[in-house]
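Below are two complexes that have subunit A in common, paired first with subunit B and then with subunit C.
Showing the complex of A and B:
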């Protein structure tokens, strides 16, 4: 199936150097003890061993971006007539992501449904998505907190990836998944990959067994029913969330979280309208000018987060869960809030809890 | 062909500013692009995002009806940053506008029925667009009753409209204020109480209500007492909004986004959503 090629490890540097000529190449790099996606600047900084601390989301869905600029201009000789001119700011960069994990790529499909599969498309995200090429590394190193298989993903999941590479026999077997994935195979440094397919199949089986065992401790996570009684039980949420700090790290590190804010900045004559990531964990997220706030308590905000991912999103998108099981919110929560624990408890209650 | 960018506002010019109450102004605007002005269509109840460039955007209902299209009217209560900035603007000033957004009143299903409007304060704004629309298509609807209240007579919006509606034979207008007020000869009392006193019959009648949350809360209770079915009670909701197109994530109630799936909901629809508050 599909095209493939084998890259020897000693050729990785030359391969990535070539790839970086086709567009902005983004790879996981170690930086101050964390692994983050940065522009490629040499193979020595590449960090493919462990899943990245932050998802690749920020390469395509920028943490902050300018929608448009506006200029105030005097009209004719009138002293008080001021016109406004708007200039759209569309990013044209080609982006190549090399070495994200399958869970990160799956995260993009979650956002795609919201931002692209709609009659009011987010043109900025869409453009960047169209101009992006993603090669994921099949995952052989689940970290604590990982639960991809529990939410229907897996270490070799292809959803959202244009190509995938697997580390075997002192190199990487690269396989195209989509048409766009061919960009990763257009290289004279690659050897034919056919002879490595059997080896990859074995590796896949082995790793999937390992990760499956890992995820079995969690079990299968299914969409939650809107009729779930425990969902409206405030004591249940207070019990789990009394320790929550509303710091928002779970949302910022989540490959599927996409909530944003829109703000203006200006000097005297001109300015910009800017979109930035926001977080539903913050009090101000839903605070209205009147002072009214529909989600003033942290447990209500977290309930909405769980609801969005496991109940509301599945309701809108034919049963798909808005979670890719990357485990970052579990790993990096400073007070050990575990979304898996909460969802499982909700699921368990459902067996006898439907109205 | 470029895709339509839903975040890009059109430029509009303010043609008239009306001081409705001490803290509410209405702004009539026209698109700077005459083609856009000609081709622009919307439905009663739909909203728009007004921008003051450099300050930000906020959501307001288009309260002029689609049947009168010389201008679009928005009413703005001075509450936060954007609304304060809008209040600083005068005739001839520019704003940005993204419209129409959201859903609208299901007026097709109301044909042949009696309509009971219940408004409080600036909550008359979304009702105004539908009232004017219905008056422009008067024969399609049965008896039209409007119950409108505010804190004091000074806080009643659309005084010109109220004057006209009072003089019309084909609708009934009941005005009330919260407390006695010098010179006020009409009803005194909170909207839900006046409603109970009026005791309108629920038969073949649709009730449409908008106002401050506390008024809506007790109005819904009153309507229930009067025997109105949840399907026949319609309200419009407010939430903090940013994108206006169901993407930015903050105005949801369960799986519904107030900006896109709303702001108009029947009570039956609202009851099927998770109860947050």
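Showing the complex of A and C:
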């Protein structure tokens, strides 16, 4: 960790007011039955007690965004020549996220590998990612269904965060992790943080022990082998997923899911090209123009979801799994499908099958 | 709203032994029995598809069995045995009216139900702390042990909203009934008090209420997929590309459009099982729109959904002269 500073709780409002002058400040807010990331509008609506219902993903990787607008224009009076005019729509906003959780931030590094660390970059995501600053709040305790430690994360994980703050001694110890993280320390409201480091170390140890204990019920989740025999056993998937409703809760609340669709929304003379999230749980996800659908039923769709996160992605990105263990898919699934149970059973079958 | 003790007395938890015996009996006649078992923690139950005698042991019935299991039926081709609560059984009646299932292929185990809990409410009360143990004490309270300590709840204080005004606690259709029937004292008017209360707001107030609620919608379609009567599913016009009714933008008009389509398609069909609202991860009270339409259906056609298999849903038929629609006289 780099520089640090301590913010007294009674100064939080002034601190956030100042921060919001440096760019669009996004914080978790309570909105009748859900906690969502919204533009900061006052400290009274800030909700830091438990992880937000929706992850911070949607602030940088928008659920729906316009790539560009296009207009068809006739040239002269003839019908034979039509020009297309394109108007670019590149988002330049500076985005500051305050109060995401470490797992949310880790989610961004999963998406970065696909959209940025490649030779076919997603310029829209990349621009927004470059213009964003993320301060995560370290967790105080695990939430129902959490399993960050099982997938190599943790309540104080730094991956993807620019800065991290820990609630101690009636305030917050803010520590920079990256160069960008210094934006959170450039404030006259902060006191030197050195004296709080020892307290934080103790807190970290305590919370990590608590989370570890809870995650031990799950155990360690490792990437799945592509040779796994059970993976192609349809009865296995039917047994676990007859109850799946095939809705998009698990994918839309997931900090690491990044699949999208592209649509031209147009009237006769003009239109927009839109990129919007898609969900592999939906029938339409793989529906082809011919009418054929290679994944017509929910078992196959869910198998793809598990495969993508725990087999294909790790295979492509040096053993990293595409899951940050935030537990939202478990906690919010309307029929309590538990992806951990499924992956563990697959892992177990692999061990048994090994020579 | 005063709904205290509308049922004679909260029933003793059902003997699960009786349920399991019945499941074992009908499993011989069908391919699969749908019941509940406990899920990832002690306050989450999960639908349980039993194909093997060995799986019966895990079946449970308690206040956490919130799901309406009938939602799977219209898409199943096998012979199915199903466990239903009073509210769920209305779905079956509606299915039969609409010809969506074949009664002969179905074996129904009915359970008179004195209410299930609102798991979201409990989760909120315990701050989403991991639940280690849940115990039902003296038929009326819950002891929940989380990582943060123990908490006690009166079951009535965390009851699902729909259960507070339940009019049909005993299944209306079944082959086997487990336990004694329960009677409800709730009248029709009482059940719709929330609708009439909401109706007193001005149009502007209502609009701003719904704007705020739908702002949260993430278009995950959990409400649609959990709904047993939403049978278009993969052909839903909210997603279809041709025709392209609802755009891929994430703005209020699109969200409104989808939710209105959902509600209107359920006119005179919604049995108010509340699965749409329960499934919503964002806490949007989507059931209320459907309840309002049901209220109007009752006023206009004196029709209540899912009560009698021989009824014809009003939207499935027409009369040249409707009793309460006087458009010809305009």
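Criterion: the second predicted complex is superposed on the first by the 349 of 355 C-alpha atoms of A that agree within 3 Å, B and C clash if a C-alpha of one lies under 4 Å from a C-alpha of the other, contacts with A are read in each partner's own complex, and residues count from 1 in each chain.
Assume a residue touches a chain if its C-beta (ideal position, glycine included) is under 8 Å from a C-beta of that chain, and two chains touch if they have at least 3 such contacts.
What you see is a predicted model; the values in this text were computed from it and never measured.
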item: Subunit C versus subunit B on the shared subunit A, clash or fit after superposition; value: fit
item: Partner chain(s) touched by A:276 [first = subunit B, second = subunit C, both, neither]; value: second
item: First (subunit B), second (subunit C), both or neither touched by A:121; value: first
item: Which superposed partner A:67 touches (first subunit B, second subunit C, both, neither); value: first
item: Which of subunit B and subunit C A:315 touches, first, second, both or neither; value: first
item: First, second, both or neither for A:261, with subunit B first and subunit C second; value: both
item: Touched partner set for A:286, first subunit B, second subunit C, both or neither; value: first
item: Superposed arrangement (fit on chain A Cα atoms) - minimum subunit B/subunit C Cα distance in Å; value: 7
item: Subunit A residues contacted in one complex by subunit B, in the other by subunit C; value: 261, 263, 265
item: For the subunit B and subunit A complex, residues of the former touching the latter; value: 3-9, 11, 51, 53-58, 79-83, 92-94, 96, 213, 238-240, 242-243, 245-255, 260, 274-277
item: List of subunit A residues in touch with subunit C within their complex; value: 31-34, 36, 49-51, 53-54, 62-64, 141-146, 210, 214, 239, 242-243, 245-249, 251-253, 261, 263, 265, 274, 276, 279, 282-284, 330-332, 334-338, 340-341
item: Of all residues in subunit C, those that touch subunit A in their complex; value: 32, 39-41, 44-49, 67, 71-72, 120, 123-124, 127-131, 147-148, 212-213, 215-216, 218-222, 224-226, 233-234, 239, 241, 244, 247-250, 275, 278-279, 281-284
item: Subunit A residues within the subunit B interface of the complex; value: 67-68, 70, 72, 80-84, 86, 88, 114-115, 118, 120-124, 126, 226, 231-232, 258-266, 271, 273, 275, 278, 280, 285-290, 292, 294-295, 300, 304, 307-308, 311-313, 315-316
